[in-house]
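Letters A, B and C name the chains as they come in the text, with residue numbers starting at 1 for each one.
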Amino acid sequence: MQLPWASWITIVTLLMYFWVIANVGRARGKYQVKAPSVDGPPEFLRSLRVQINTSEQLIFFLPALWLCAYWWSDQVAALGGALWIVGRVVYALAYYRDAAKRSAGFGIATLASIGLLLGAVYGLIR
Amino acid sequence: MQLPWASWITIVTLLMYFWVIANVGRARGKYQVKAPSVDGPPEFLRSLRVQINTSEQLIFFLPALWLCAYWWSDQVAALGGALWIVGRVVYALAYYRDAAKRSAGFGIATLASIGLLLGAVYGLIR
Amino acid sequence: MQLPWASWITIVTLLMYFWVIANVGRARGKYQVKAPSVDGPPEFLRSLRVQINTSEQLIFFLPALWLCAYWWSDQVAALGGALWIVGRVVYALAYYRDAAKRSAGFGIATLASIGLLLGAVYGLIR
């Protein structure tokens, strides 16, 4: 069985993740945070937290995406995946400005992740 | 080839991981640790360390689980996976109370992970 | 479709990752950094940063490796994967001595990761 839609969503996810990682590198240079330190001004810490949180959520999202795609529907999973990516971009852009504004994007992406997991369970049971 | 057992183990793993992440969110609220800070009382730090360590181990475990399931046996892999989940829950519950008590659960899960990797190698070679 | 080459590369990757994790455990003992603390002398911090950065990059690398292997070529993906592992080992060994020397290995591994992602896109399009 081929799952091109989940594959494309994974590729876009990795591009988004690459962007988030590059933002930490840029902030490290701009705010002169020398490795191995990860302490710096709030602007640096926010970009770091966005990256760490994206990593954490990514390792929940990708298995859920693929299980949903495989056991239920490649296209339904891709829809959930697209929603997750949108939520994570909204989260990152909001968090970069103000940590208190991060909830909306986080909530969207979490709903998408849970939906994908439920979709996988549904596909496995039927 | 369908691998329903590894799929179910992955779903339970994600649920366990979700629980560990939710515990950090709860601790963040309870101990008033404001993002982007990740510094706080030991209770908060312990819940954070459990989550971080779970993420670290998860990205070793899931590939090992699936390689073992694919190349050797879906059911053997699921047994190793179930042991890993038990080990990680024991680890988390112990660590939440006392960091010094975290070794037993950690050891069980690490043995399970190494067993899965060896199982994958065995399946690939034969 | 069987992908033994990507499987072997994944196994070697997990062994490399295990080595990096074990180095943090050893440094924790050597420099008496008691959990849940992750603060300590620069030697400890460097081994910790190597592990964290390896985790971050691993979750980009593995999906890119498998998408490239599946959609384009198992062997081409394995070549990119071998380059990634070499880059990460060079990175780790350099970073353990001096954080300022980490760029070369990091650059090699990042090029390999981007190459694998482009390979996946190429395979999906054609």
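Going forward, a residue touches a chain if its C-beta (ideal position, glycine included) is under 8 Å from a C-beta of that chain, and two chains touch if they have at least 3 such contacts.
To keep track of the chains, here are their UniProt names: A, B, C = MAPEG family protein.
These numbers come from a predicted model, not from an experiment.
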item: Type of subunit A (MAPEG family protein):subunit B (MAPEG family protein) copy interface by residue overlap (half), same or different; value: different
item: Angle of the C-alpha superposing rotation, subunit A (MAPEG family protein) to subunit C (MAPEG family protein), to the nearest 5 degrees; value: 120
item: Distance between the centres, which are taken as Cα means, of subunit B (MAPEG family protein) and subunit A (MAPEG family protein), whole angstrom; value: 20
item: Subunit A (MAPEG family protein): positions in contact with at least two other chains; value: 55, 59
item: Subunit C (MAPEG family protein) residues touching subunit B (MAPEG family protein) - in the complex, by the definition given at the top; value: 4, 7-8, 10-11, 13-15, 17-18, 21, 34-38, 51, 55, 58-59, 62
item: Complex contacts: residues of subunit A (MAPEG family protein) adjacent to subunit B (MAPEG family protein); value: 42, 45-46, 48-49, 55-56, 59-60, 63-64, 67, 70-71, 95, 99-100, 102, 117, 120-121, 124
